[in-house]
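Okay, so chain A shows up in both of these, paired with chain B first and chain C after.
So, the complex of A and B:
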């Protein structure tokens, strides 16, 4: 751990002071303990929101990485439009805001004792726990796809330090012109519903410029996807003949991966030869949520839609891609938006007040599909006794139409997307 | 004004099995299953276009029959099981409401 945590600093300070001075310092340090597992969009937003709005609460984030690499805008690396440093966010500002960071893995949660066990062997006590660990990849759920296979066909779906997306970029650079870039896309639910299609678009953007004879073969378990009409319009206009998308009803579901022969095999036995392959694997909540017994048979965590408290554990509020919040998408925006209600609810309940009533959750997913070409889907959601409900007529997708007519709109949306990225990362990490 | 039954029927089953084995058979037929109640963006009604039936035969004997209705999802995907008692010739037949059919066949040898 490179940082001196505020808690430890307090301890050292107390040790050096007279006994008379100690009580007042202890008083200042006796705030309720909000502990957050995960420093991604959900966890970082929760930490910042808690420090800003509830300064009497001690906020600790448990996060193994020293910086956060975002999934959003990762696809732009594939098109050469961003670098890794553009999408890497340090935690320095949050630390200066008084958030205590423990750079370690949370390995277990003991809800009865209200303790989090760290890989280092230490434990962290909490009064309220926010769990925002993101997704875990279900290694082996897709036969032939394990950690070793991910070095040949990267997933680039969990950012860590950006290794996977850089590997995919390197492979695209090495692709012979005329080669085939394959995508294996899973059924719902998965992180970032429009993500695979944005990635297809931006890989096509790269190929059109640098490998004009190469082709994209997108094998999909589904028959329909987010912003489908808009994406397909863009593919036809920007990259004609370059992308073949095969839906589940045309035998698009990939059921096994062969890294030796470099083949994606589909459900009804078709073997597709691939030169560079991106496997977006089946997903669940991250391991810590499963190990803590928070998940149900879906592999994700059921939560109270008003407070995000886990159905299966008191005082543990689960946000971000690990929870079950359909029809809200698994997006950074939803993680950010819901983190605030989760924190406000957790602290209210802790202090014997009611959770804030009538919260509204927002989402916008922008996708870049080409140079100066952005599209979006907007949703507004509210909780109900039956779960999350999209507010009727509240959102929608960008209007469709030929590029000649929509050029300004597409360009503006690309700019809105950049502005969104700047503002949401500021709201989480700034 | 229905389109011809041009979809390639897709089936997945093992090429061989032991006597007594229960095998899984998957079938997929690409078809819109258009109920006839919807309108196109230009306001024109979209004509009904529904597969009425799927059946499977084993050595000439009908072993599975499924009646499909207008609430059946597009691209009917059916999975069922069969116990293998000897070498088996399977036939799989999809029948449209207007009587047109599409079919495919497979043989399961005995190990």
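So, the complex of A and C:
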């Protein structure tokens, strides 16, 4: 593309985003470098949004995997309702849109030099860096649970190439009828707050059809969880007697894992024999965020709620599950929603303009709990000087009520969940 | 299918690389309404240009006043068949709804 057409290309795109537009953009230097670490919901959405709306910026994504396997809809794979290919998204479209992909690990960031060091030994220079690496598992934080233990009791919480979720599915298929499926669920914060409970529901869905004498034992470090009333209503109606959920105050907190004896041990010393076990381990921001010194004592990254710039490093904007954004959940939708404000802010600041004002961050988390049975939680959030704030009187969960009364709503929400998955993955990867 | 956003950019590219004839320069396309950042949330379920999919309603081309009216009906729980929109609708001010209505009404169906 010629310089002239390149500039015009940028001008028209900027005109297409009034909230971002400012005359000074036209003096922007061509080819400023936006580098993104991570090609998940946050990173891919950021790359797509940047290419579409700021085509004068060079966009590079550093992502070790050649395709992205989503955590959302992975639980449907456990129920046999999706395959791995249904939840795997290639980066071809983004590449064709002009996003440069470097399939390597980002091993270090040097904020002073504005460099990312790759595992291959190469370095990548940036003008603005978006860090969206997701979570890291705190190996060893739960005694007995390390990488080797994850081959016996899979976590299936970090997708990589889908190995973990496939392993869990295979184990469920091999479970003898009458066996016990155990879940170890951590305290907050963790990726996808309703995720463990959707997983319990969909494993129950599978067991009810194929191993009707099997049981689920869900051991939880917490006393309350996302969409709790709705999940428990569904469990009682759809899977009566199949699921036992034990809260932290009733000795639900798993404190050690014994892979040899296949036991989950809880706080007060109870040893639960498990046939198939899913350990959702304690989490932090991914290693690169910790190594770069971006995290605080929580293990996650504090950020400016308007721009997502890390409070500990200039020109590094951190989005997705790695940051601290409560009360917003660590979800794919929030990663997608906030990626756009982060990119628009990063580029505005780079070009000497103010970050877009009055952003709204939006989330809907759908959960499938059975066939044609979906529930949701909605959140509309805004930034403030004190952090992120949920907009008063808005959001909340689906109405409760017996299935006989709510059948249409549950069916529609299951359908809208599918619409969400199709739409959000298109927005990020398509 | 070309999306409107792409077409806006392609129009820009053509304008820069070709000299339009007198006839062409008279045929100015309708000015597209800029996509506001707050409309990005809608694309999470209704498609990137509000085209609707898998049962979520189409927003593109939605008549402006009807959009605002339906929104306030969601907000006031006056649509008995609604599922998640009432919870969403209460999170947006009238000014923000007007911005969304203006944008989606400007996208050709």
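The rule is short, and it goes like this: the second predicted complex is superposed on the first by the 400 of 430 C-alpha atoms of A that agree within 3 Å, B and C clash if a C-alpha of one lies under 4 Å from a C-alpha of the other, contacts with A are read in each partner's own complex, and residues count from 1 in each chain.
Everything that follows uses one rule, which is that a contact is a pair of C-beta atoms (placed from the backbone, for glycine too) under 8 Å apart; a residue touches a chain by one contact, two chains touch by 3 or more.
Small disclaimer: the values here were computed from a predicted structure and weren't measured.
Trainee: Regarding the shared-chain residue A:395, is it in contact with chain B (first), chain C (second), both, or neither?
Mentor: It touches chain C, and chain B stays clear.
Trainee: Examine A:269 and indicate which partner it touches, taking first as chain B and second as chain C; both and neither are also allowed.
Mentor: The first partner, chain B, only.
Trainee: Please indicate which partner A:249 is in contact with in the superposed arrangement: first for chain B, second for chain C, both, or neither.
Mentor: Touch partner of A:249: chain B, not chain C.
Trainee: Considering only touches as defined above, state whether A:148 meets chain B (first), chain C (second), both or neither.
Mentor: After superposing on A, A:148 lies clear of both chain B and chain C.
Trainee: Is A:356 in contact with chain B, with chain C, with both, or with neither (first, second, both, neither)?
Mentor: After superposing on A, A:356 lies in contact with chain C but is clear of chain B.
Trainee: Have a look and say if chain B or chain C is in touch with more residues of chain A.
Mentor: C
Trainee: Spell out the residues on chain C that touch chain A in their complex, using ranges where they run on.
Mentor: Residues 5, 8-9, 11-13, 15-17, 32, 34-38, 40-41, 43-48, 53-56, 81, 83-84, 87-92, 96 of chain C touch chain A in their complex.
Trainee: Spell out the part of chain A that touches chain B in their complex, as residue ranges.
Mentor: 223, 248-251, 267-269
Trainee: Show me the residue ranges of chain B that touch chain A in the complex, using the header's touch definition.
Mentor: 10-12, 26, 28, 30, 74-75, 77
Trainee: Contact residues on chain A for chain C in the complex?
Mentor: Answer in residue numbers: 2, 4-5, 7-9, 11-13, 15-21, 49, 52, 55, 333, 336-337, 340-341, 344, 356, 359-360, 362, 364, 376, 378, 380, 391, 393-396, 398, 408-409, 412-413, 415-416, 418-420, 422-424, 426-427.
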